[in-house]
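In what follows, chain A forms one complex with chain B and a second complex with chain C.
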Partner chain A sequence: MKENKRKGLAGLLTSDRWSNVTVSVLAIILMLATSSVILLIMGKNPLTAFRSFLQGCGFLPKAKYGGGSGMLSDLFDYLNILAPMLLAAVAFIVAFKTGLFNIGISGQMLLSGFMATILVGYMKELSPWIAKPLVILIGIATGGLLGALIGFLKYKFNIHEVVSTIMVNYIISFTTGFFINTRYVDMLTRSSRICSTASRLTWTKVNIGGVNCNVPLGIVIAIIGAVLVKFIFDKTVFGFELKAVGTSRKCAGYIGVNVGRSIVLSMAFSGIFAGLAGVTYYLGYTNTMVPKTLPGMGYDSIAVALLGNSSPLGAIFASVIVTIFQSGANYMSSSIGVAKEIASLITGILLLFAACGEYMKILGRRKIEKEEDKKIAAMQEARVKGGADK
Partner chain B sequence: MTKVFTDGLSFALPLLIMAVGAIYSEKSGVTNLAIEGFQGFGAFIGALAAILVMPYFAKSSQVPIYIAMIFAAVGGGVYACLHALLCINFKANQVISGVVVNILAVALTTFFTSAANTALTGTASNKFILGVSNRYSIPLLSDIPVIGGLFKKMYPFEWIIIGLVVVFWYLMYKTRYGMRLRACGENPQALDAAGGDVVKTRWIAVIISGALSGIGGICFAYSIMANFSPSIYMGYGYLAIAAMIFGNWNIPATVVVCLVFGLAKAGGQQMCIAMKLPGNYTDLFNMLPYVLTMLLLIFFSKRNHPPQASGQPWDQSRR
Partner chain C sequence: MDEYIVEMRHITKRFPGIIANDDVSIGIRQGEVFALLGENGAGKSTLMSMLFGMYRPDLGEIYVRGEKVDFHSANDATAKNIGMVHQHFKLVDNYTIAENIVLGVEPMTRKLGFLPAVNMKEANREIEKLSKEYGLEVNPRNLIEDVPVSVRQRVEILKMLYRQAEIMIFDEPTAVLTPSEIEFLLKIIDSLRKAGKTIILITHKIEEIKQIADRCAILCRGKLVDVLDVNSASAQEMANMMVGREVDLVTHKSEPHIGKEVLNVQGLTVLDENKFPVVKDVSFCVRAGEIFAIAGVSGNGQTQIADAVCGLEEAAQGSITLNGQDITHTSIRKRAERGISYIPEDRQSTGTVMDFQLSENLALRRYGREPYSKKGILNFTKIRENAEELIDRYDIRCAQGPKTIMRSMSGGNQQKAIIGREIEEHSDLIIFVQPTRGLDIGAIEKIHNQILAERDRGAAILLISLELSEVMELADTIGVIFSGEMLKIAPASELTRNEVGRYMMGVKEA
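== the complex of A and B ==
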């Protein structure tokens, strides 16, 4: 460790223990710098902008609040959207560790949200104690089955999962859009009718300390899920097999792992988390579905997973950061007057730098190698000199 | 029936030029999921150029369309440099890079479309209104029964695309550069040993891919959409990738696949109109190309032969 400290940034980038954290932190710093430049060009003060992002999420107090709301209600709204984001990121990580790209998280979210809405959300007389677990179960079942289907197509018919998930995304988007438009549409809002409060995974208008808060159940599920995935990958045979398949499919086959089964199970497992993300998004954060719209969160979660270095615990920190920009965008937009689309731009820039992570590590290694070369050259020179003196 | 052919062709050809772009990139060994982003960004630059030059031309003038096409190609090509830089020089994971480039393209174009609209007109709309290109019929060929529909009411860009596809087919299969490009995707070490420059070949291929995708994007903007808005990210780029895989990374086969997609889509829509179904049902028919892709992939994926080195960063020290 002492060795590394002396070498500064390059050492941190290459050390086994710290390199992943350093890369993520560096990506965030670069993102903040780049978006500050963009904001400066637009004539806005980046510090005010970043502060209003934080204010929008309830981390810092706003100048004034409407009746019945406060900093705590903003914070709970933030947690409400953090939950599906974290679940979706975990979904991506599970597949990614097995060497698969689940680009279909959006579609899996959409379908499980849709199934839960029509099966449970529209049954008015269910008690919340039955409805809520049922929603979660439907989310798990729908997402899991859909994921397993993708895995099966990959294993049996050699269809690349990226292509099949994208096709399935559009198929789901059009089909659910069709059914919402023909059967479940609310004529006023043009989206689906709202689901019952009993089935919603968020308790709305809970009075905490005098302010109304929307308390999400999803965040508990999400954190348990992230820890569970970490446990499975670190401590169980199943997790080890998945990682082995992800590292080298051939090698895993030689040591006796059933590769086909692992691919199907991993996609199913990933789908389960995507399904949970779907129900916490559509029956928690919102209570209605816009027809023919895939949730952008399915793609943003890839950013979160990348930034968290595809580890479940890293994803918790990464989702906390990425969600600040998504959730605080509205307040930022209204308070300093920058279009709220800048939030997705910032996420995109962050993604870009996170994707360069490997290159940062290479640069660090190269720098250290150069220094060592210099040292060796200096030593040789000294030896040559010493020889000449004799 | 003729409408099936005219609509089908006007959908199939922009799809085809994007698929050819994707083939160029993949044949050189760079996996390209970024087609969707390239086409959107290219179309954005093209549409911006068209909006800027439009006041200098007569209202019905077709010249801005060609200017837009040139700028779309340039814009797509320049934007593709990002993917090339990440994949070739920075050795990033190519699938991830593709996804990143797509997300960034959506964010950039949405943000800058409203920014440009605010600057130009004062309203924060997220659309550039472009209008639809004129259509022309070919005098003699369009009189042939049944298949004459293929030559009726064609957009001029369809001819440009056909020309480009022929040129790029020739470049890939009949020239020295094309030979090198294909070698680069199968066995870059061999190309390196033979004195070729892998990095340069791949860069050119990815830029070509971006330029062709940009042209595809602006053609969609000028025909189906009649404007540029974030709805250009309809997934046509991904459909082009599916067409490429289904066409087995081979330009002539991909031409056939794209035609099938186009005719399936237009046929579905006409069927919907013929059966007098309400407007909501068009969604089900819009789904048709995607379902068709899935089914066809199930039957044909086993025999696929993707370029061997596709997806692997170039490492000179490897064997």
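== the complex of A and C ==
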């Protein structure tokens, strides 16, 4: 019985269809086990800790709620962080499938958020029906243009995208920081002034079932985006060519794909999603910008994309998991008294195990091979015996 | 009773999906050149990798000098004086030859009496001595990145000698060499034999075996067919055993029916990335129903001509006309649509996307057209049907049908897929660059027949090959290229093999 089960796991790890899912699930199980050990060493009950993470995200009810808030408001706050995280991960995947490493998602997010904030966020008299679409458009345009620039630099001058995006990240961080400090600063918080309610991609204080919720528009955009990217890469000629450029640039050129154009388009496409992540983050979640600070989410998203096996649907799953720890960290910290930095530690452990995925597959394969070898050995022995009998 | 230095008994090795070696037993005598002959995927390399400790046999035993061994790594094999030259060399590019050779077994010295340091002087001297002894002509002070492939191979041989290998395994050593380099290598192998070394030669080229080997084991699909004395068996017999059926070593070629001019190249000059001309003022034309072969030693600009014709390289000067239309500045895709098919030299990085499925690779020329896609949306049913048809028609062996990942297929089957894909376009011009490189006899025979069939259909064929015998066998017209210049263009019937060989070396007409 036990033998059967173990072979079943090995089979799942190696099968073409399931291995990506089983590896990720196994990574999560191992992460839970490891972080439990760490929490135990700290003298905390891991189950309570994990429960408080889930409570913080609105998946489980908290012990008590403040006036006007409830489980649903926590859940919507969670979705509010999930949206930019997913969009940023999708942005990374688009470039990654074309063989490009967009490490400039942070910069693209920051500039898009900045542009949308100063152009729309500070215009008080706009109606929300104009302001919100305008914010989205600015996000798309800024991110797209910035991405296209990176692609163009790569195509025209052969500047590696990792180098150019890192440099552009700093340029953006300091330039926007300069303008925020000199023109848009809120003297009290030292951040930029809060953007107008009309321009935010989150409807604040919507009353649902008696509790106030911040309903994010971004999560809808993010899920549509992920599905759209999946469709483009799986079903369209355009996506097929991008993938060809990503896996074998030489062969793509040989079959007549315009490689330069593909690189520019793919970076622009990636930038568009980063831009959308930027506006949902800065005009939905934070509503203000800390000068000279790149959003860490731009980097976390790379890890999320890789945990999701660089597939858009995988990214939905991965960002749901990772965001639980990030979004639930505050409540966990206040309820059981563990520093909230443990959330980053847990995310790190998760990624470590996700990165070991290939190794898990190899272990599974070895197990199966050994069993088959045993079978053959038995067969040969039988054959030899049979020969002796004759 | 034979005295064997190496004996492998009842070796069986399985990989997922295949049995690489099935109950193979061979014995190798001290001081002989023992050849392992077989098609790609027959299990030659796997068998030797087990002798070299890179794999462990699932079943069976290995004896070295009468003593049973169980190798866990290549180091164990090295300790028993076994060395191996792999198909892909394992060298550090920016190290000198001597540094590469001593890596791992460095001779040490103490500077100022106490500082440990590598004694490069000693190493250089030792290597120079070995090089002279076996006629290897290697300067230990050169950097690996500065020396050609043939020298790198000799560095690998020196590496074995330096480690005192007595049993030397060569895995397809001639696959990367030009004809004259092959001669040189065979001489080296001969001198190694004279020095008492035991040589195991993995190859699928029967000529080489005839030339150098004493005995030869023939493997077919993982099973040992026979062990022969090379002198007592004919090439035809060996070929039949290796392929497992009757093969034709002679190509049957009918008279060409030459039609109108299809490709005309005038004054073509191509520059490399340093703006140095690699193709200089080359003019030729290829007519329908004709095989125009460009002969030449590797690296004389022939691949650049092919790349320029299909659009991968830009023509710095000159013009290219296809069916009377100027295509000098037309895009790659437009040229393909107007009737150019191209089988590139590098089948793994240029001809295919290795991580894509076979079905996708077979659709690389057509995915943009109906019915394979409509309004930018791919039709995977049609793509799969297309693949099933080509797999069947071109006998492409793949473990999981259209879904097989290209990388997991053997080189011969990858090439079959590329050739099938390109031929199915029914183009007016088909360019073949090194179409049979690294393939075994059975596959070569098929490809040659396909090329001839396309010619007889009325296609113009531009064939670029480094194998002189292939050029002589197939060509209707031969152009010989040397250092980017077309030295001679003449009908194949007017040129002898020796004449072509002379032009290839750059000797102009007397």
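The working rule: the second predicted complex is superposed on the first by the 384 of 390 C-alpha atoms of A that agree within 3 Å, B and C clash if a C-alpha of one lies under 4 Å from a C-alpha of the other, contacts with A are read in each partner's own complex, and residues count from 1 in each chain.
The working rule: a contact is a pair of C-beta atoms (placed from the backbone, for glycine too) under 8 Å apart; a residue touches a chain by one contact, two chains touch by 3 or more.
What you see is a predicted model, and the numbers here were worked out from it, not measured in a lab.
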For this session: Using the superposition on chain A described above, determine whether A:28 touches chain B (first), chain C (second), both, or neither.
Result: neither
Exercise. Between chain B and chain C, which makes contact with more of the residues in chain A?
Worked result: B
For this session: For A:223, select first, second, both or neither according to whether it touches chain B, chain C, the two together, or no partner.
Result: neither
For this session: Have a look at where A:145 lands relative to chain B and chain C in the superposition and call it first, second, both or neither.
Result: neither
Exercise. Is A:158 in contact with chain B, with chain C, with both, or with neither (first, second, both, neither)?
Worked result: first
Exercise. Given the touch rule stated above, what does A:250 touch, chain B (first), chain C (second), both, or neither?
Worked result: second
Seminar exercise, completed: The intersection of the chain A residues contacting chain B with those contacting chain C is none
Seminar exercise, completed: chain A residues touching chain C in their complex are 235-238, 240, 243-244, 247-248, 250-258, 365, 368-369, 372-373, 376-377, 380
For this session: Could you pull out which chain C residues touch chain A in their complex?
Result: 12, 14, 16, 58-59, 310-312, 331-334, 336, 342, 344, 346, 349-356, 360, 364-365, 367-368, 373, 376-378
Problem set entry | Residues of chain B that touch chain A when the two form their complex | 33, 82, 86, 89-93, 95-97, 99-100, 102-104, 106-108, 110-111, 114-115, 124, 235, 238, 241-242, 245, 280-281, 283-284, 286-287, 290-291, 293-294, 297-298, 301-302, 304
Problem set entry | In the complex with chain B, residue positions of chain A that touch it | 101, 103, 153, 157-160, 162-164, 166-171, 174-175, 177-178, 181-182, 292, 299-300, 302-303, 306, 339, 341-342, 344-345, 347-349, 351-352, 355-359, 362
